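There are two complexes below, and they share subunit A, which is joined by subunit B in the first and by subunit C in the second.
Moving on, here comes the complex of A and B:
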């Protein structure tokens, strides 16, 4: 734990709305070692993206309350003044987004967009920055980079745009990359290429990655560790192998069981009954209890803490020992 | 940057509208006339020749002479310089001011926006001509006063146009991405927002040039703008008015020139609007 690159403790995000405060993220905690790839899984509205935007301090200043600690190399991101934050973003801490088409400036050549962080943060000359941009394009696997520099985003395909966005994010060699569903908007073959690229970059430069996804397949392919979010909380956390093969939380178990791959051919796909809760109307006690096959009276009364179960894993469920006692997921 | 954006928009539409061609051609004609005035004009625009006053169009003076024997054609050619300058400076300065104000108000919001928008409301609440004439009469007639007055009043349209664009643009994803890369506010405003917001303002500026040229020559006609003996079209029309019945050419041809110049910019504006119009 002492060597962690990022340590998040007790992160809470509350939106002030006209119908009262909405607690979108509640006491999220995780830590990340250098060169670790952590998956953040959960349904829509579980607070994955909001947590990460809070870490980048990208949420609007008005109407949002944040609390908690996010130590990045010993400095608390959440408490940094705006100016120091700006120096951190793009140089040490970078983010890529789900929809590369709308996250690139439509009227700026891609070469300029990749060179810009180098110009801004490293005070490089135009020519150096341009050379660096070409080098970065080559690194992210765009063929013939020199002739691509002056083209505009609309002249690229979706996968290529995502590569451009990755190149811009990595231009100043950050130590942590937050990837918010980077492959969701892409088709499956391109998806695999982008994930492979991210892992390559990790291996080459020791980049740590927080990979947000709702796709367990993506997580299984790429991550070292997994945090599962539900209703604004982390409900289970541990190494990928442990969490995906022997889940200690009923929600994780249900997620795994509803993967298309785990259903027998021809049978209807298993689903999780009910709807994920809206952050404004969270159930009492454990947020998952209305949909949980193991729910007991205590689950309605009181939310279980995220406590250590076995081998450094954590789970927020009153009945985790029963789940752990079973050898694996029984479909 | 802005030009790059424009050419990019142009690339998407392969066919250039014919209004743009015609407008650009006509505007180019006036520009060449203004630049080449010393070479093209057959006579000195203010040289008087009292032996040849009020002569009608002839081979020596294709558009006739006025009451001081000055060649009308030469005066019109030289006048192109003044009237074009009035139009271009009278639009460029308000354009720059308006873009900055719209950008700041739209992006920063809060107190800055409230203050700037209230100033804008007050400016807009006066009729345009009345306010310009009031400011000129306060500063004393002349071209400098004209430019100051137009700048003080004309920025409002640009500020509103740019602000409305920025209000939409600032929530777009690429602005968030720019923030995530650690760029400061100024850089985001100038490099990322402005080039995306400026196209409607450019289209509007083309029709605004027409209005400002008409305003300039009307004010000169009223004696508030360019002063005699300057070769300015409005001044020429005013001077020829007395001789309307006997020497119609003194006022008629400068009037035609104003129409021709206005027509060129109108076509240019229409063409640009058509080129970028169906963007969204």
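Moving on, here comes the complex of A and C:
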């Protein structure tokens, strides 16, 4: 499709470790339209953070092998020379993280941190950059921005620090924001504020967002589309409504069922037995087969491709037609 | 109604926080009122959820209830006995009846001990059975919490988070307690593992008639697991009642905001348009009057000046809020 802002095909990331290669991300593919909010769901070790860091080219150059294509407005991020990459990263691509304290410079006033990308990339004067920083702080809902510019990160609360990081990420009006568990460390009432802020920014400036979260409730409330990752692969993707109400992959289905709010009160929760596999010890065939209630001999032998199921949705399961034939998740 | 197993009345915990100014003799150390005037009851065999945001004092309260932290004021009763005045040896005996499960599954285990050593220690410290029987009892315990016996020689680093949390639960169960206080026991776990551990709590609570105080910031989890729920804000319990009553019609504006902000797995849903502004203030600087008033959408002049009223029974729920004045003030 020509309308997509980001098109990721066949993204693979392999770490060379002392115990041999570890395939953390295996042929991940998705696409993102302008102003789309895509949720990336998965458990620890599923490869969601590594995929996104690979897209930002933030992984260390040594001991990491990457392959695949990530077309951002027609340019392949993975093949860009370092210089062009730096330009792109500061301006059109931005990323925010779970823990703002460890991604803000503790000995630099927040105003300078927000102004820095404007100075570097837009060649603005100090005064212009400072004014822009104040404007950004106001946009992310920090009261009295002018007097906050000279304060340091430790003088802000957790939610406010997350706002500061968002302001810095948005400094050069990026087109794509990758948000890696941006609200996981925050309280629920503050989480709602930050998510509302992200959606407002999308509405106002057409920002596309990849939202990494393990919380299906957060995904349901904020995203347009969802990609579900397991064992380094995208196992299902589609619109939020389709995926969360009529999953075509057993892992998605099991994940939804095991949410405390899906089960009737007092009844035991349906669980997924076992635990998510470590990337270094992936099962053969479909990585989910040891925990899958639908597993058949073929699942042990061969990994199913991520193929189109219905209405533009995709699932990597040999038995998706049976899942699709049912009307929805029944507890 | 029979008397509750655990009862806290007007329980308070204050910490002194040494400031730089106080160290050099300019000014006094801060007093942090972490838990203020808390009333809480856990009935026999009952599961009570304690919810609130970070810094609201729920962990401190949980620990104070077991005297892992000394309360500064108030009454604390367990099975009709005063816990505050217990001697060291009586306190040791009390630990056989009430135990704690912690949030960090790795951090709360000794990294140098195998699963079997961790669990055996409880039996030998409390002299629960003859030494010759310990091994057998440990196996039974591991089975009860769903740990396969071949994990007994493993150390925490070679266990998953879920397995470590099962060891933590087994350790608490070893003494055959009547009460378990579990402090965010599933927050550090993956979603698919959370459900396993929640089911384990549910089974244990049912089979062993355990009383459970379940501390969590996750309202969905508490709603599923607990019969009663207490909502805490800045050291105070603002609402306490049967879970379904609290979730169906929350009385306190803070409870209402908390429930509205809960992420829901509703595919048609979207974020609530308006939510609570601001963040919980630091417990070092608790606002005067009702501590919630700066964020409260329904704050009245009285909330800024007068302390929080005594708890008022509204239907089946107890609430402490000026919106629900005591009859004599009405």
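Definition applied: the second predicted complex is superposed on the first by the 327 of 331 C-alpha atoms of A that agree within 3 Å, B and C clash if a C-alpha of one lies under 4 Å from a C-alpha of the other, contacts with A are read in each partner's own complex, and residues count from 1 in each chain.
Here is the rule we go by: contacts are C-beta pairs under 8 Å (C-beta built on N, C-alpha and C of every residue); 3 or more make two chains touch, one makes a residue touch a chain.
A quick note: this is a predicted structure, and the numbers were derived from the prediction, not measured.
Contacts of A:56 after superposition on the shared chain: subunit B is touched, whereas subunit C is not.
Judged by the touch definition given at the top, the superposed model places A:318 against neither subunit B nor subunit C. In the superposition on chain A, no contact is made by A:156 with either subunit B or subunit C. Looking at the shared chain after the overlay, A:265 reaches subunit C, while subunit B stays out of its contact range. In the superposed pair of complexes, A:30 makes contact with neither subunit B nor subunit C. Within the superposed three-chain model, A:116 lies in touch with subunit B and out of touch with subunit C [touch as defined at top]. Applying the stated contact rule after C-alpha superposition, one finds that A:254 touches subunit C and leaves subunit B untouched. When the two structures are aligned on the shared chain, A:99 is found in touch with subunit B, with no touch to subunit C. Using the contact criterion defined above for the overlaid structures, shared-chain residue A:15 touches neither subunit B nor subunit C, since it reaches no partner.
Overlap of the subunit B and subunit C interfaces on subunit A comprises no residues.
The residues of subunit A lying in touch with subunit C in their complex are 43-44, 157-160, 187-193, 195-196, 199, 214-218, 220-222, 240-241, 244-245, 254-256, 258-263, 265, 268-273, 275-276, 291. The residues of subunit B lying in touch with subunit A in their complex are 1, 4-5, 8-9, 12, 172-174, 176-184, 187, 191-192, 195-196.
Residues of subunit A that touch subunit B in their complex: 56, 58, 85-91, 94-95, 97, 99, 102-109, 116-117, 120-121, 152, 154, 165, 168-169. Residue ranges on subunit C touching subunit A, taken from their complex, read 53-54, 160, 162, 190-196, 198-199, 202-203, 217-221, 223-225, 244, 257-258, 260-272, 275-277, 279-280.
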